[in-house]
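Shared between the two complexes below is subunit A, which has subunit B as its partner in the first and subunit C in the second.
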Partner chain A sequence: MGDNNIIELEFDKTISALAGNDYGYGHYKKQIENKFDYNKRNIIIFPEQVKKVAISFVQGMFRDILKKIGKSEIERYVTIKSSSEKLTEKIISYIKF
Partner chain B sequence: MEEIIQTTISTTINEVIEHSNLLGFDWATLVLSVIALMVSIWSVVWTVRKNNESSYKNNLYQDILKKPLHEELPSCIQKSIDLNNKSIDDLEIDKFQDFLMDLRRKILVFKYTDNEFYEEMENNIVKIDEYIVLISNRKENFEKRYEELILVVKNLYKCVEQHFYK
Partner chain C sequence: MLQIEKIFEKVTPKNHSIDGYTNNKIRIKDNTFSIKSIYKIAEHLKWMKEGIKTCDTKILIDSDYIAGQAILTLMESIIYFVMNEWNFKVMYRFSIKDNVLGYQIFKNSILFKYNNKKISIEDYNTEYNQQITVDMDHFRKLCRNNEENRKGKFISITMDEVDTFLKLFEFDDDYRNELAEVIVEIVDNALNHSNGDCILNLNVLKNSYHRYKYVDVALVVIDDIFIGKEIMEYIYKENKSEYSEKNKIVLEAYEKHKKFFDETYNIHSFAMISAFQKYVTTRKMSYTGGTGLTTLIKALIEKSNHNFCYAISGDTNMIFIKEFLKLNEEGLIGFNEENNYKEMPPNKKVVSVNKYDMNINIYNLQFVLKENEYGRQ
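For the complex of A and B:
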């Protein structure tokens, strides 16, 4: 995989927890779809303010990407960064489940 | 199983001989006796099969769901949400999410034994996860969010009850 493609996500400053399939999909359409590069490693950065992420949000956000890539290949194309290592591990485990 | 069938057959035959008139051959009694014998055998086979099925289901419940549903889920809710103070414990919510993820893995077996049940369980678990994340987000609508959470938890238990006791 070639260069990195950095995608920094933005959410309302009052929100510290992300939940909901439609909400996740909405943010995929708004913040990721047009920036995602299937020829690069995409580093998706969750802002520091986000402390919790629900399974449903991740399912919504990564639904279309997983249709194209598949779970086994996801880590070649996607790297997650977040406010904590534990949260990052959680998000990845939700994507790969 | 074979022993039970043999016992049933010999008991029925003994009863037929006891109640039949061997000097005057009675076709009606013979036919009724054969029917009674067949019904007895079928009844035994059906009962044994049902018991085996029930035993298998019971084992699945004991091995996979009993501890998570009887102990761990109620404990997670209790530790993570304080309804009186409208507050949540962040660390306990994290553990609650870990528990739910673990439960998702445990119920995967039902994907291959009863996919309908699996889908319903999976949906309920994901919903519970969603509600505990939402409830930790903001203090407004706390009671409403809590009620919504408890409703889904009740759905989960109902779903299990219907599956294992139908």
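For the complex of A and C:
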């Protein structure tokens, strides 16, 4: 895998939880689709304010990416960074769920 | 849209007046105030609407227990509807004993305030339409079903609100977060698979006898789209190309299950249990999804320790009986002794026909709460 491609996500500052399949998909369209590079390792950074993420949001956000990359390969293409290690692990497990 | 009028669509008008209809009082004698009682009230109100000129009635409820918050939400909704849309003057009188579990829920409901009193429509409406109510151990949110709420940040905000509400009770952080997540997954699912608004109620209750706290979660959506209706449409649809390949498991199971269909188990109930299978989704062209209700099952397995969790949708009753809640390696759940979704029908104690179909979808769930180290039982 080549260089890193950093994608820093932004959300409404008042929100500390992310939920909803369509909301996740909407943010994929808005913030990820045009920036995601399948030739690089994509580092997707969730802002510090986000403390909780529901599976529906993650499944919506990665809906299109998972059409192109199998779940078993996702970690080769995507690295998640978030406000805590625990949350990062949770997001990854939800992508692979 | 609340769509409360849909409650009455399948109900046949019937006079239940105590003495003919001279005083037009009705009496509910069911030991537990349940969907059966609600149905009787709906029959009577529809009879009043269609058959007689009077619009005054008093509903006397002699029940000792209440089946759950969802039933009270239905009652609140019916009262709201007939007062506003049919201009009925309604009084009701519950005589629930104050030492039973259901009383705590009743006390937190809008119904409590006007029990055996003249209802001020204006005040009742204000309370009923309040978008969010947080009062000590009770949380209520009216989730409007519109595109903005389905696609926007509404579900995220709701998750934050539920989590913040539960924070008041010193519960373990992870446990609380997970519970908030499960609750909003059901709300997300309800808003995306129906047209009705969703009324969410949470009550944090204490079982003094067993000495633990639990969260009673009740979600009500009024709509003729029952849980699994889209799955049924998928089964019958000739061209399935726009659906996820993963749904094929439903077709495979359907071939086996249809042999078991009888007066107690039918395609509606099959479709409903299929909605709980991992990756089964009616979202078009989707490689993900179909995980929200699996999350619910996981939570019920881990966080609920008794059998008061149920869902009613259209003409199907479903009780989440602990001994039949097991996910296999594929994320499938049979709701039967064999835990075999693909080949065996669910246990008859789990799925049954709801004789009181009123176009309603309800979840009534209870999660036992684990407190953090500072929490006291």
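Just so we're on the same page, the second predicted complex is superposed on the first by the 97 of 97 C-alpha atoms of A that agree within 3 Å, B and C clash if a C-alpha of one lies under 4 Å from a C-alpha of the other, contacts with A are read in each partner's own complex, and residues count from 1 in each chain.
The working rule: a residue touches a chain if its C-beta (ideal position, glycine included) is under 8 Å from a C-beta of that chain, and two chains touch if they have at least 3 such contacts.
Remember, it's a predicted structure, so these values are computed and weren't measured experimentally.
Trainee: Using the superposition on subunit A, decide if subunit B and subunit C clash or fit.
Mentor: Subunit B/subunit C on subunit A - steric clash.
Trainee: Based on the superposed arrangement, let me know which partner A:Ala17 touches: subunit B (first), subunit C (second), both, or neither?
Mentor: both
Trainee: Which chain, subunit B or subunit C, ends up touching more residues of subunit A in the combined arrangement?
Mentor: Larger number of subunit A residues touched: C.
Trainee: Let me test your reading of the model: by the given contact rule, A:Gly26 touches which partner, first (subunit B), second (subunit C), both or neither?
Mentor: second
Trainee: Between subunit B (first) and subunit C (second), which, if any, makes contact with A:Ser93: first, second, both or neither?
Mentor: In the superposed model, A:Ser93 contacts subunit B only, not subunit C.
Trainee: Taking the superposition as given, does A:Ser56 touch the first partner, subunit B, the second, subunit C, both, or neither?
Mentor: So A:Ser56 meets both subunit B and subunit C here.
Trainee: Output check: A:Leu66 vs subunit B and subunit C. Expected answer is one of first, second, both, neither. What do you get?
Mentor: A:Leu66 contacts subunit C only, not subunit B.
Trainee: Considering only the listed stretches 238-246, 256-264 or 274-282 of subunit C, which one runs into subunit B in the superposition?
Mentor: That would be 274-282, the only stretch with clashing C-alpha atoms.
Trainee: Would you please give the residues of subunit A that touch subunit B in one complex and also touch subunit C in the other complex?
Mentor: 14-20, 52, 54-57, 59, 97
Trainee: Considering the complex alone, what residue numbers of subunit B touch subunit A?
Mentor: Its residues touching subunit A are 90, 93-94, 97, 100-101, 104, 126-127, 129-131, 133-134, 136-138.
Trainee: Which subunit A residues qualify as touching subunit C in the complex?
Mentor: Listed in rising order, the residues of subunit A that touch subunit C are 11-12, 14-23, 26, 52, 54-57, 59-60, 62-63, 66-67, 97.
Trainee: Flag every residue of subunit A that touches subunit B in the complex, lowest number first.
Mentor: Contact set of subunit A toward subunit B: 14-20, 51-57, 59, 86, 90, 93-94, 97.
Trainee: Which bits of subunit C are touching subunit A when the two form their complex?
Mentor: Against subunit A, subunit C makes touches at 150-160, 163, 177, 180-181, 184-185, 188, 192, 283, 286-289, 291-292, 295.
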